[in-house]
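Both complexes shown next keep chain A, but they swap its partner, so chain B is in the first and chain C is in the second.
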Partner chain A sequence: MNLRAIGIIAGKEVRSYFGSPMAYIVMAVFLAFSGFFFASSMSQPFPEATVRGFLFPGALALLLLAPVLTMRLLAEEQKMGTLELLLTAPVRDSEIVLGKFLASFIMVAVTLALTLYFPFLLFLFGGDPDLVPILTGYLVLLLVGAMAVSVGIFGSALTSNQIVAAVLSTGLLMVLWLANLTSNLAGGSEIAWKTAVDYLAISGHMQDLAFGILNTTDLVYFVTVIAFFLFVTIRVLETRRWR
Partner chain B sequence: MRLPRVLSLPRLPFLADLGLALGAVALLALVAGGLLYLLVPELKGWSLGLIGASGVLLLLFLLFSYREVAQFLGTRRGRYGLNTLVVVSTLGLIVGIANFVGYNQSYRQDLTATSLFTLNSRTIRALDDLADPVTAFAFFPLSQTNPLPASGETTMGYYAAGLLREYSLRSKLFSYRVVDPEQDPTTAAKFNVVQYPSVVFSSGARSQLTTDVSEQSFTAALLRAVGQELKTVCYLTGISGRSSTDASDAGYSSASDALVQENYVVREVSLGTTDEKVPEVCWTIVVAQPGRDLTDSEAALLHEYLDDRKGSALFLLEPEMPGSFTSFLAEYGIEAGGGVVLDGVSRVRQDQTRPAAQPDQHNVQHVITAPLSRQSKLTFYPLATRAAPVDPNPEPQRIALTSLVRTSLERSWLETGGEDPKTAEAGPKDIRGPISIATAALVKREPSGSSRIVAVGDSDFASNTFFRLEGNEDLFLNSVNWLTEEEKLITIRVKQGPRFMVPTQRELTWILYSSVAFFPLAVALVGALVWWRRR
Partner chain C sequence: MIEAINLTKYYGDFPAIENVSFSAEKGEVVGFLGPNGSGKTTTMRILTGYMPPTAGTATVAGYDVVTNSLDARRHIGYLPETVPLYLDMTVRSYLEFQGSLRGMASKKMQGGIDKVIELCRLEDYYTTDIAKLSKGFRQRVGIAQALLHDPDVLILDEPTLGIDPRQVVETRQIIKGLGGGHTVILSSHILAEVSMVCDRVLIIHEGHIVAMDRPEDLARRLEGVSRVVVEVRGPLREVEATLRQIKGVERVSRVGPEDRVRFQVECASTRDLRPVIAQTVTGKGWGLIEMQAGGLSLEDIFLRLTEETEAAKGGRKP
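Here is the complex of A and B:
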């Protein structure tokens, strides 16, 4: 795999992001949304010195906003006909997908980096917060962001229509977010399928890391789901060579 | 593709169409049968029937549409498509297996500075000892368990669910359900739940309800649900100068709270007055700062409890303790009193009347003090006296004596001359250190069993002022755990509790406006500038 090619593709996409107002709008909306929940958690009678108050709403916001960032990555190339040019260039399909994934992930990471203002406020106002749950909290947001981006690119590879791509990705991510609620509504507690459906839910894999607990189950979940969607995206891109 | 002769049936277009339709129905039947099998186990027969039917339909599809299938697979699209399907399915399978293994073989570590989500040893013991399944029903209105609480995550229901989840992760025999009593009033009525929040622990026909959301309450209810009684620690009043309920600096309310946290029941007993003798429920008795001599009847009652009923006792002494206690403890091989322990080397705030035991001054061989030594804990004893094993042990076959804590090797002594302890120097009549400050005695009884005694030459270390400092709490609780034969609970306790902050109204205002408005607007402004430049 040519890392330089991945870097070039990622660099081009990152410049494209920061050159358009869309990225800033996404970042501003995410910050305002997260900021509201952070401020709400701080206005409790005895607030805990933690950023946990915005982690779950922040993750939900990422799932909604990441498809907006990724929807054009491959769909636009298909619509404009530039994908054929890209596919005939001396780069592998995997390098194209990973380059675009990396660019979107950098965008997510920058957005999350801006929220470091919240833990800064905790230190500023003498909260003496426990650093580990903050770090694991950001780790889980990065993982959720990477997952949302991988699903978003998958959606973008399926169609040449950006709106359809965004709706497809958001729908898939919402299914993963709400999976455990669905199984709760169905009732029953000792059925294997319920455990399996609960396991699919993103929020269930956030809880431990959000509280400062490292659980390898959650890491395996995020890493394998991200890898799966990236791989499937590469295969979807490959189909254009023989469809 | 050349087809086998047996499959070379005459080509009938309507059969091919029928085959495709049957294929579609087979696929639907397979999905429906699979879902039915997973969702409604009661209809297992139906679901297996559907899956079987889908197999038959699939065969018919292949039979009727074999030409179309073969033709499709013969094309480039067909071959590549099949290849992609197989590769993606294989990867899906690998992902599934990886997650299955990851779920069943997980490594989980609480990384918080205060081990906030680490269950205490009493809970772990209770869960590990479960023999029958236990289910906890947590009755909370749904708004209190919402995974997206608008007002932060500290709502009681959320905390309770998190705690119960820790329990379920520890033991396969423990499960829990969060029940919204408004949506499921039947379950609430079944357990007679009339107020919320409530958590019911149910095992077989037994159930135990608690309305207090804390680990201690949950574990107590769990133990009761499986039929275990909580052990009782009895404070002797009348004799003791300290009270288990006294919240003043000299009181023992912190120690009592800590005992309750470890799922003991704490009560006070008064020998010869309200209580004829040491009650049967007392697993151990605590005598803290003896204030007067034992009467003959009280001594007899204590002997009856310790010798005949194989009881146990924790004596927390002071330099000015009555002589009857010295002779009482001597009968169990403990030499107590005789002066003030002073330490010119290992001491708190350069005060020799406050000897401090460094980690290596705790006996690493005894279960009570070994964790203190291993985990580098310090204990200290403001104005203490001696509590040492009688040397030589007069009955080594019957009494096992262990010194638990000693003063430093250099410049520590037992001041016997009556000098001012603050300024005293070691004199020829004083007893040179190291001096034992705490001793454990294990007295064998015929035909089986034993009595257990721990004597500490100080009672201040467990008072409210000093209890939570350094390893004092651990020494006290470990002693009680050993005396009640709960050695598995002996540990070093991490000081728990989330870190709260108290922002002023102005700070809150700044947090709100800067987080929701100023900062996002600044980012949006940069976006507007970018747009303006590109325009």
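Here is the complex of A and C:
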């Protein structure tokens, strides 16, 4: 694995993000959306000095917006034929995928960084907020964002049509978001099914982190899902060579 | 520098190329000549490591393109047929990206970029967005990109396809100038182009190599046929019969629209038939409306070469 190659590809993509309106629109929408939910959580009768109020809406917004950021990454390369040149450059498929993942993850991180004035406001006006849940809150958003872009890149590898890529990955992310709703489908007796879909659902793994509790199951869940989709994306690129 | 042995590639059940073998020495310019769908792009994609062959092996600069793909790729500059470029980048940032992907350090890269910009005459477009460039200039950016890291091997897939005639001439000159320093493989479906630019021509037809020769030798093999299309105002049958009687004429066949008296006349030597045809026709008191000498079309050449190859096999095929 050549880190330099990953960095070069990531750098090119980040520059291209900042050169197009799409990234700014995504950031603006996310800021407005999370700002609205943060503000409304602050105007409850007994507001808590936490960022918990925008974690779940924020995560949902990330799942919906990340595919917009990632849809171009591989679909456009396939459409324009530039993928042929990229795949014949002396870089590995895995470096290409990781570079693109890194670029879109950086965009997610930048977007989240723009919301850091929420906790700042808490410290300024909210009395004495707890630091740990704020940190784990941001951690969980970063993890959800990383997961969303890994699924997004997977969708982008499957087609040369950006819209199709975005719809595919949004669909997949929504399934993961709402997986636990299907726990009743198989009837009450199917414990295995319920355990599985509960484990798969994103929201179940956000709960503890939202309250400042770090546990390995949740971290393993996020890292596994991210690694899985990156791995599958690399395989998809490879099958194109063997067709 | 390049060694391909029995390359075969199946797309599903369809054999795009079969048992393609050739080699190219250092500094040689080799042309792949063949009509659309003959397997030129497929062969090049195998050499560049884009996809592996179904069977056979190839090495570039001593590295196997499948088992040692990364090392082989380091020695290759490639211009795919579609001239893929990132339209949202400037010429400069595009070249910098391609150079750094190929591991060029920034100091060496600046020198390299200056060199290819000059070679491909892109000086005035250094900071232009690629989206704003014409097809011909995009092609040059594509060539510049392939040359940037000074690779041992250059693979150019139809580098003059779809650009305007003046730029075609310039592009050919650029490519011709590359021989010696680089081993170049280029594909084309234009006979005149490969004859002009290449040291050696490899003719591919339906996935098979049907001839491999220096352009001069190839021309010699293809010699011996000249052809004239003539249109006459006169009695159809009589004209035909008269044309057949001209000395040296091998074949006369009717061509063109039904209502015209138009024939294609072939003879078995490189002799120009036009004067004698003109003389004969006017001597009979018919009107000579049009006369045109034509060489063999590419299709004819493939046909002849394929027949030749089959014949050389001694008719073993049914």
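In the analysis below, the second predicted complex is superposed on the first by the 236 of 243 C-alpha atoms of A that agree within 3 Å, B and C clash if a C-alpha of one lies under 4 Å from a C-alpha of the other, contacts with A are read in each partner's own complex, and residues count from 1 in each chain.
As a convention for this text, a contact is a pair of C-beta atoms (placed from the backbone, for glycine too) under 8 Å apart; a residue touches a chain by one contact, two chains touch by 3 or more.
Since we're looking at a predicted model, the values are computed, not measured.
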After the match on chain A, would you call chain B and chain C a fit or a clash? fit
In the overlay, answer first, second, both or neither for which of chain B and chain C A:A5 touches. second
Using centres of C-alpha atoms, tell me the angle at chain A that chain B and chain C span after the overlay, to the nearest 10°. 160
Could you look at A:F118 and tell me whether it touches chain B, chain C, both or neither (first, second, both, neither)? first
Please work out whether A:T136 is in contact with chain B alone, chain C alone, both, or neither, and reply first, second, both or neither. first
Quick check on the superposed pair: does A:G81 touch chain B, chain C, both, or neither? Answer first, second, both or neither. second
Once chain A of both complexes is superposed, is A:S40 in touch with chain B (first), chain C (second), both, or neither? first
Determine, under the contact definition given at the top, whether A:V220 touches first (chain B), second (chain C), both, or neither. first
One more residue to check, A:A89. First (chain B), second (chain C), both or neither? second
Per-residue touch tally on chain A - higher for chain B or for chain C: B
For A:S20 in the superposed arrangement: first (chain B), second (chain C), both or neither? both
When the two complexes are superposed, chain B comes to within a least CA distance of chain C, in Å, of 6
In the superposed arrangement, what residues of chain A touch both chain B and chain C? 19-20, 242-243
Mind pulling up the chain B residues that touch chain A in the complex? 38-39, 41, 76-77, 80-81, 84, 87-88, 91-92, 95, 98-99, 101-103, 106-114, 116-117, 147-148, 150-154, 162, 165, 175, 177, 498-503, 507-508, 511-512, 514-517, 519-521, 523-524, 526-528, 530-531, 534
Report the residues of chain C in contact with chain A in the complex, numbered from low to high. 11, 45, 48-52, 70-71, 73-74, 76, 78, 80, 82-89, 93, 97-98, 100-103, 145
Using the touch rule from the top, collect the residues of chain A that touch chain C in their complex. 4-5, 8-9, 12, 15-16, 19-20, 80-92, 240-243
Which part of chain A faces chain B closely enough to touch in the complex? 18-21, 23-25, 27-29, 31-32, 34-44, 46-50, 52-53, 56-57, 60, 114, 117-118, 121-122, 125-133, 136, 186, 189-193, 199, 203, 207-208, 211-217, 219-221, 224-225, 227-228, 231-232, 235, 238-239, 242-243
